[in-house]
Amino acid sequence: MSVRVAVIGAGVMGADHARILAKDVPAAQLQVICDASEARAIDLGETLGAKHVLTDPMAALSRDDVDAVLIASPDDTHAALSIAALQAGKHVLCEKPLAPTYADCLRVIEAEIRLGERRVHVGFMRRFDPAYTAMKTALNDGLIGRPLMMHNFHRNVSAPDWFTGQMAISNSAPHEFDIGRFMLCSDYVSITVAQSASGRTIAPVFMTLETADGQLVNIEVNNNAAYGYDVRGELVGEAGSIDLGAPKHATYNVSLQSAQRFDEDWRPRFSDAYRLQNRAWIDGIANGTPDPRLATAWDGLCSTLVAEAGVIALEAGSKQAIKTPAKPALYEQKRQEFPREEPAE
Amino acid sequence: MSVRVAVIGAGVMGADHARILAKDVPAAQLQVICDASEARAIDLGETLGAKHVLTDPMAALSRDDVDAVLIASPDDTHAALSIAALQAGKHVLCEKPLAPTYADCLRVIEAEIRLGERRVHVGFMRRFDPAYTAMKTALNDGLIGRPLMMHNFHRNVSAPDWFTGQMAISNSAPHEFDIGRFMLCSDYVSITVAQSASGRTIAPVFMTLETADGQLVNIEVNNNAAYGYDVRGELVGEAGSIDLGAPKHATYNVSLQSAQRFDEDWRPRFSDAYRLQNRAWIDGIANGTPDPRLATAWDGLCSTLVAEAGVIALEAGSKQAIKTPAKPALYEQKRQEFPREEPAE
Amino acid sequence: MSVRVAVIGAGVMGADHARILAKDVPAAQLQVICDASEARAIDLGETLGAKHVLTDPMAALSRDDVDAVLIASPDDTHAALSIAALQAGKHVLCEKPLAPTYADCLRVIEAEIRLGERRVHVGFMRRFDPAYTAMKTALNDGLIGRPLMMHNFHRNVSAPDWFTGQMAISNSAPHEFDIGRFMLCSDYVSITVAQSASGRTIAPVFMTLETADGQLVNIEVNNNAAYGYDVRGELVGEAGSIDLGAPKHATYNVSLQSAQRFDEDWRPRFSDAYRLQNRAWIDGIANGTPDPRLATAWDGLCSTLVAEAGVIALEAGSKQAIKTPAKPALYEQKRQEFPREEPAE
Amino acid sequence: MSVRVAVIGAGVMGADHARILAKDVPAAQLQVICDASEARAIDLGETLGAKHVLTDPMAALSRDDVDAVLIASPDDTHAALSIAALQAGKHVLCEKPLAPTYADCLRVIEAEIRLGERRVHVGFMRRFDPAYTAMKTALNDGLIGRPLMMHNFHRNVSAPDWFTGQMAISNSAPHEFDIGRFMLCSDYVSITVAQSASGRTIAPVFMTLETADGQLVNIEVNNNAAYGYDVRGELVGEAGSIDLGAPKHATYNVSLQSAQRFDEDWRPRFSDAYRLQNRAWIDGIANGTPDPRLATAWDGLCSTLVAEAGVIALEAGSKQAIKTPAKPALYEQKRQEFPREEPAE
């Protein structure tokens, strides 16, 4: 049976999600495209053959012919739409962040606890990336012993003018906050932030986080790296380390150089991750068994909590403690074992 | 509208194709699974939710509720089933080879010419592999100038006992015969084959082919390479060269080694290629416009022609001429421009 | 004319230095081997054909038939021997550190200022490593624009039992302190240190330093990395980045892995660096023109100054300011332009 | 005691050899520089501090104050000078080829047999390259089992106008002929040559050789590869393969590319090989024990023999047998075990 999905937001992210659901996930039925811009909604809806096109998200998510809602609208609408979708009895995949503030994240958590069921997932798609999957699998296999440290590098070609060092922390780094926590299975207890000085660019930000298990997680966010979209990662354990790959399809030997190409943005690099995440979400709804890799609302809250501490740490120039509240029972459900997957599927 | 597919053959290849159609290609409807073993057909059909399960391929391919037939039965049945499917008005994707003999390939060509329409495609899926796509795109962009040479290495972990040097040529090398011809857009005019001596293993076979445009195509087939499944390729032009990548998702640093892993067989390496090929095939049927990258029956015939010459060249120990007949008008249709694709999609 | 050298210390480092002088530097004459252990001195002296063998370093460095002294004795003797050699009118290449304490470093500086000539160099040989040379050359060529950040990873297979986190800072990291300062041409103004928790190993230490020009220098020292000797580095600028290579001579494809080997310790990795440094030192003495890449006594002092601050920062758990004193005029001499070298020479 | 060397020929190769002897080999004494051009001889002699400068090679090699002769004069003088040096009782390192014709090689062999001592070595320096050394060591260690095949790629940026396909075989490929034979310890029994067609460039030549042990050795020589100087090699055995490395000192991330640089010619790539070869040659003379890796005159003859057969095979367009004569007793001396060396030394 198909899962009928309403996609809220037809911008870059929403269009990508809708295309994946239509073209790569046979179990999904693209039921509604909803965007504040009717023209944009119609355009995308026609391209992908969506059944309905709407401009009112509340109307979209409460329809009887909709089973699940994919939220890709502006960040500050995420919490309210998630809560409304929950109240309408729908499943939710919300683009990150769950909400820009801890307070709003908490409201979603409270709504879910009232419902008594985990129906909201957050789009931390790196959990499904074949490279991070290979890293996690090797860690679980004991290849490198106990993990001690994780290094993360997040580089974009260029940031918009209005981007700031704070946004590097609140907007870019959450992917790393989440994947570090997912990989190490430990919450963060502190964050320290340094920023390099740069006259004419948004300067790189460098963070050092400590986990409750005494591990270090280092994160560089360099939104103006200029040379390419480049995400790197390394997990260091007592017996060895695992370097994240970034699949390259060819090497070009010309002009006294042997070169591999960088992507210009995140989409080619993480296309498998989005595809596999969205399929896992839909299949979990169809099966009644959510994929244990999907980020929960609680994971979303934890990520925003760290981002808020990071912004303060940048301003203060000193280490900032992170106090994660006790995890509600709803989120304590034992995770199923991490599935072993073949790299490309 | 969905394209209703009958999959003939539920062995390794057929099961993979059926799974891809069911799980990755929303425009396909898995209508029939057909296998001589009823148990195997039922097992696969239930797993994937096929509508019908049959044991008679002729019955399967002639059904009114079937639009297209994917042939993954034993090699010597390919031609007869392709011809029957053509006569029943169906579209065909036939696993390679189109037929093990040139004579049988010709019968399919004749049937298609009678029909007056190209409805048979051959599963040379490497044409859809993101790495070969990157190579072809760079060539078309003029990056390396006029192509002069292509090197190919085809290595399997181990071959079954009954495998021979002849089978390395007739069974393994056709993928390289096709991709070299696809890349260089020139037919082969000669083949020379050497085989290394080895007491206890099927020894590697090394082929040198010349094209009508004076290019060299070298192919190593090493079916007992032992160390891993490893396909390499390099295209050398007047201004540079392009090395085929084999995406690696992680590097493991342990025990004084920095290691990347090989696959054990072709499936992980070419999972994207099969997925993209099968989707292109289905979408082309749905749209009425076949994807120009799909190998035609003529491409299948050319590959078998070369294999036959190669087997003779191995026995003779000398260069063997390859005389490709004039291409029938049906296959002269101008190819559409090669589409520029993003690496991972 | 040959430069006659006395090597003080015939341990691992001293023996390597003596061997390089004897076997790789035609302009050097191995005049004296001196070690507290007479047996060890005789053994090395005979192997390499040294003219004299002594046990008293003061006697060795004051001989008339000695032009230059290579100090590879225990760290806490470096300053006193350097000063004595200066007073005897000799040239000095002192293994790092110049001295374990800032106060002792200062005494060497004062002795050199009294002499009015820079005759002491410190063995920060990475400045001569072909990989760091390639990095520096590309930076100087403007390839990556203004440098913003440098990442350093210093990993050993295992540390002796008596090794501590403080020693990771005072003993291992000075190589990185120096190369970061050499690369960025800016002094450090602060250091922050974190250490991962580990029950059974010396845990990795992670440092973040800020330079006077607002750049960040990150250093991981992992003395129990287990998997191999591995030094990595990356220099990140406004227009791109440069990753340090670690030359690998072969890739081994066996057992489903494609592997490159790590060295077990620093000697194979930096053998070129030691050879090129020692030759540059000797040639500079012979020519009367010291190679501008050689670390001066002032560079040695700066490195020890940072290490002292780092040890305090580790204990305090907070950022520690580094106050580099004004550079004495003797060390203000304009550096010659950095020479462009071919990678392997 | 120093070995006093006369270098015959002060062109590119002779100057490099003289520089290595003067700057990198303490046991060598650069006694004579000899070149037909007196100006060139004086220029090089003064730069390197040679004791004497001459224009007559026969005078140079017969001097009493000369122990050894390094021959880097034009190819067609090699045999006569080697024989004269032998008759004068000198040791010889002759740049490849020993002679351009088999007949002339034989004359050197005969002179050596008359002398009853192996005093001539040929400059097949790849035997000392750390990458080939790593390959040979791994083979000897049994890592890949019995060797079955060796692939070789020899690419130059561009060839002079007067270069021909024949010269690709007679001038460039001898390095591969020798290293393949050195690696596999088996003589060649046949050679087949193909050449790609190219309107405006010297087209690449591709050779397939069979050894007496049934192994295949493939060699591409591409003298106009355009993109860089690039030598690749792979040794394939029953249990795995070894890929030759080409040490890279840095990776440059700029302009949407991650690039490593090619050398423009062979000198940076093989600088270690020349240095280690020349040192081994001098040390062998000083010790009275030649390094077993040095190519003998017999090795030189075998390489020329193959080149002559290759030129015929190119013209004939068919496989050409290679009949190596019985090895004279002088060259049957048991080779010492191949020394295990550290990569960079």
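Think of it as A, B, C and D in the order they're written, each chain with its own count starting at 1.
The rule we apply is simple: contacts are C-beta pairs under 8 Å (C-beta built on N, C-alpha and C of every residue); 3 or more make two chains touch, one makes a residue touch a chain.
The model shown is predicted, which means the values in this text are computed figures rather than measured ones.
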item: Selected pair, greater C-beta contact count between B-C and A-C; value: A-C
item: Chain whose Cα centroid lies at the greatest distance from that of chain D; value: A
item: Separation of mean Cα positions, chain C and chain A [Å, integer]; value: 43
item: Whole-Å separation of chain centres (CA-atom averages), chain B against chain C; value: 56
item: Junction residues of chain D - those touching two or more other chains; value: 144, 226-227, 239-241, 253-255, 260
item: Residue numbers on chain C that touch chain B, as the complex places them; value: 157, 226-228, 230, 253-262, 264
item: Chain B residues touching chain D - in the complex, by the definition given at the top; value: 144-146, 148-149, 151, 192, 194-198, 200-201, 203-204, 206, 208, 210, 213-216, 218, 220, 222, 224-227, 236, 238-241, 317-319
item: Parts of chain C lying in touch with chain D, wherever the complex brings them together; value: 22-26, 28, 130-131, 133-135, 138, 143-144, 239-245, 247-255, 260, 267-268, 271-272, 279, 342-345
